[in-house]
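First the structure, in the form of C-alpha cells, and then the observations on it.
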Amino acid sequence: MLGEGILKGLGETARNFAGSFVSAERLTTIQYPEERAAPIEATRDFPFLVYDGADWEAGLRCVACQICEKECPPKCIYIVKSTDKKPDALGKPQIYPTRFDIDISVCMSCQICVEVCPFEAIKMDTEFELSTTDRFGGLLYDREQLARSNEYYHTIHPTEAAEVDARLAEEKAKAEAKAKAAAVAAAAKAAAGPAAPKPAAAAAAGAPAASAPAVKASEGEKQG
Amino acid sequence: MKTVEEIKAAIEAAVPGAGVEVVPNPSVSGQHSLRLAASHAVEVATFLRDDAELALDFLSNATGVDWPDKEVSEKVKVTRTVSKIVDGTEQQVEETVEETRKHVVPGCLEAVYHLFSVAKKHGPVVIRMKTANRTDQVHLPSLTPVWRSAEFQEREIFDLFGIVFTGHPDLRRLLMWEEFKDHPMRRDYVEPDDFEYEPTAHDEVLKRAQERRAKLSAVVSGQEGAGA
Amino acid sequence: MSTFVEEKDKLPGWNRPPVIEPDGDGELLEVAMGPHHPSTHGVFRMDVALDGERVIRLKPVFGYLHRNHEKLGEGMSYLGSMPFTDRLDYMCPLTNNWAYALAVEKLTGQEVPERAEYLRVILGELTRVVNHASAIGFLIQEMGASGTPLMYAFKQREKILDLFEALTGARMMVNYMRFGGCRVDATPAWLGAVRKVLDDLPQFADEFENLLRGNEILMARTQGVGILRPELAVNAGVTGPMLRASGVNYDIRKVDGYGIYNRFKFRVPLGEHWDVYDRFMIRLLEMRESFGIIDQALKDIPGGPIMDPKAKLRGFRPKPGEAYGRIEGPKGELGFYLISDGGPNPYRYRIRPPSLINLTVLEDMCLGSNVADVVLIFGSVDIVLGEVDR
C-alpha cells in the first residue's frame, strides 16, 4: 500500500506523544530554571582555590609555585608571588600568592591545572550560573573570590575530597614521623657528641630539613 | 609491503632519472620517507598509484612544513701568514688561529604526502618534496591530477605556507580570505597587533600590551602638557 | 566577487567534476548558500550557479571558523594541546582525543595498559553512536521533518552525555585520553550505568528505523540522489561512512587494527547504490554494530592500571622524529601528523580533517541535481566545521 512507511512512522510518533502523558520516561524535557537536572558528582566547571580551616588567607594551600600558570593551555591564570613567607598547613614558612587571578571568560575548564598541582590547592567547582553584566572585570576572579573552604569541597565532590584528605593526612603523618625520627637521631648524636650547644642547633636544623624531603617526596609521588 | 629502500628501487627502475632519496625517521614509528625531486614528481606519483604491487591509490594527508633559515656557527682552523717580530727581526710566520665562522643555511618549505592503499590495505608511504628556498623559488608540481584529494589540501598549503603548486586546477586561498597577504603557518609569521583587552596577559602579549599602554600614556601626558 | 574559475576547471580527467551545460539561454543565477544558513551544519558557504533549479557550478567556501589550531599546537606543550582536540570535531571529542593520543604514542612507542584500551573502545563506540544518531537526525531535519527524529536521537545522546559527565567531568569537552592511557578510572557503578544505557539503545535503533526506513518521502528524496562512484571516492581521499556507502570496504578499525579492535567481532556494512539513502542506512547499521562492540567490551574489560606507569605529565619531551597516527573516527579517517624536534612543544602539528577532504567531492555529487538536493547531499557528507576549518 502506498504510504505504508509513512503510516508506520506516524504510529511511532503517536506512541511517543501519547506515552509522554503517562510515562516519565517519554517526557524528557526538564523545565529549566524551575526544575534542575540531577547534579552529577564528577562535573567540573571553573577552578577554585582550597583553604583549610576558617581563615581563607591563612589556610590557603597554594604556595605560588606557578606550575598551573605554566601548564594552563589558554593562559588564563595570573600569579604574583609574595616576598614574605607565612606558615602553611605543615607549619613550615611558605611563600604564598599575593595575586591569583583566573579569567573565567578565557578558562576552558580543561582541568589541567588541577592535574598538575602538587599541593592539592586548586580544584574544580560546579557553579555554572555565573553570568554578570560587568563586561570588563566581572569574569576576572581574584584570590578572594576563588577561595573556598575544604568543607565546601566536601559538599560538591565528596569522594574526591575524601581521597585528597586521606592523601594529605598521609603526607602529614609521614612528615611528622620523619621529623620525630630526625629529632631522636639528633638527640642521640648530641648525647654521644662532645659540645652542649650542638643538640639545640641540631634539633632545630633537623626539623625543617626533615619536612623538606617530605614535601619533595609528596611531589615525586604526585608525578609518578 | 615493501620497505622504503625497495620502493626506491622500484621507482628508479620505472622512472629513470627520478631523484629519489630515503629520509630516515629517527622515531620509534618507523615511518621513513622518500624525498622526490620536483622534476619527475608527477611521473613518480603516477607510477606509485598505478603500480600493481604498490597500488597506492589513496592520498590520505598532504601538508606543508616550514624549515626556516638557520644560522650555523662553526669553528674553523685557519692558517695565515703574518709578519711578526721574532728574535728582533721582522719575519713572515705561519700562524694557526681558530675562528668562528657564521653562515646561513637557507631554509626551505616542504610538502609531505602520506599515501595508503585501499586495494592492498597497506601503508603509509610518505613522500616529500622540498622547494629551493623560502622567498622566490617556492614552486612545486601539484599532485592533484594524480590524486584528487590533494586539491583542497594543496590549496591549504598554498594559503598557510606559500608553496605555489603548478598544475593545480584552482589555486586560491582556502581558509584565509582572498585579500589576505601573509602566510600564517610560517615560523616567522607575526600576528597583527589587534589583540583584545586581555586581563591575564602573558609573555609576548603582556610585553606588547605594556608597551602600547606606555605609548598611549605618553601621548596623553604630552597632550595634557601642551594643553596646560 | 565570483569564486568560479571557469577556464582552468574545464581540465579533462576522469577525476575532475563533470561539466554541465545549461539548457537554454539566459543568465545563470548565482546564489550564496550560507554562511548564515540553517542547514549548513555551521558557518559554511556554497557558491552555487543555478539554471532554474539545476546546479551548474558549485564551489564550497569555508574558513569562517579557522582558529589556526595548528599554530596553537606549535606554541603549546603536547599535553596542553589535548583540550584543543576536543574542540575540533565537537560532536565526537573522545575520538579526537584518541587520535591525538595514538599519534603521540606512535611517536614515542609508549604502551597502553589493557584496561585503558577497553575504556577507550567503550567511549569511542559510544561516541560513534552519538555521532551517527545526531547525523541522521540532522539529515532528516534538513529534509523538513522539523526535528522529531532529531529529538529522539538527542534523547539518547543526553543519556550518553550524562555517562561522559559522570566519568570525565564534562559532557563534551572531555580532555580524557592521555599519552599512555586514560585520565580517570571507571568505577563498577559507571560500568553498570553504561550497561543500563546500552540495554535501551537497540530499542531506540528499532524505533528510529521504524520511523524512517520505509518512509516513502524519505526514499523518494534520497534514493538515486548524490551518487559517488567508488573510484572517485578512493582517489579523492574520502573516508568513513561515505566511502563505505560507495561500496569500498575500508574501515581503519579492521585495516590498521589499532588499539584492541582485532579482538572484537563486528561487521562493516557496505552500500550498493552509492547514494544518500545508502549513507543514511550505513550510519544506522554502524550504530547497531557499535552496540555489539560495547557489549563485548563491557563483558571482557579487565582490572588493572589505566596509565602507563612510565608516562610523565610534565616535562614530556619526545625524541626527535615524526609519526602519523590515524583512527576511524565517526566522520572518517582522523589523523594527526606530528614532527618532534626534541623540545616540549611539537615542531609541526598537523590534523588530517576527514570532513574537509570528504568535501572535495561535494561538487561532483551536486552538479546536475536540483538545489533542494544540495542540502541533502551536503547533510549526508556529515561535516563539522570545527574540523574543516580547525
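Here the chain labels run A, B and C in written order, and each chain numbers its own residues starting at 1.
Keep in mind that, in the parts below, a contact is a pair of C-beta atoms (placed from the backbone, for glycine too) under 8 Å apart; a residue touches a chain by one contact, two chains touch by 3 or more.
Remember, predicted model here, so these are calculated numbers, not experimental data.
*Asks:* Specify the chain most distant from subunit B by Cα centroid.
*Replies:* Here the answer is chain A, farthest from subunit B.
*Asks:* Taking each chain's centre as the mean of its C-alpha atoms, which one lies nearest the mean of all protein C-alpha atoms here?
*Replies:* Answer for the innermost chain: C.
*Asks:* Centroid of subunit A to centroid of subunit C, CA atoms only: how many Å?
*Replies:* Each chain reduced to its C-alpha mean, subunit A and subunit C end up 35 Å apart.
*Asks:* Suppose each chain is reduced to the average of its Cα coordinates; what separation in Å results between subunit A and subunit B?
*Replies:* 43
*Asks:* Quick one: subunit B and subunit C, Cα centre-to-centre, how many Å?
*Replies:* Each chain reduced to its C-alpha mean, subunit B and subunit C end up 30 Å apart.
*Asks:* Could you pull out which subunit C residues touch subunit B in their complex?
*Replies:* By the definition above, subunit C touches subunit B via 1, 3, 5, 8-9, 11, 13, 15-16, 62-63, 66, 68, 70-71, 106-109, 232, 234-239, 248, 250, 255, 318-324, 326, 333, 335, 337, 339-340, 347-348, 350, 352, 356-357, 359-361, 389.
*Asks:* Going by the contact rule at the top, pick out the subunit C residues touching subunit A in the complex.
*Replies:* 76-77, 79-84, 148, 152, 155, 158, 162, 165-170, 173, 175, 183-184, 207, 210-219, 309, 312-314
*Asks:* Please name which positions on subunit B make contact with subunit C in the complex.
*Replies:* Per the touch definition, subunit B meets subunit C at residues 25-29, 31, 57-61, 63, 65, 112, 114, 118, 121, 124, 126, 145, 147-153, 156, 160, 169-170, 172-178, 184-185, 189.
*Asks:* Please output the residues of subunit A touching subunit C within their complex, sorted ascending.
*Replies:* Counting only subunit A, the residues touching subunit C are 2-6, 8-9, 11-13, 16, 28, 40-44, 67, 71-73, 108-112, 115-116, 124, 223-224.
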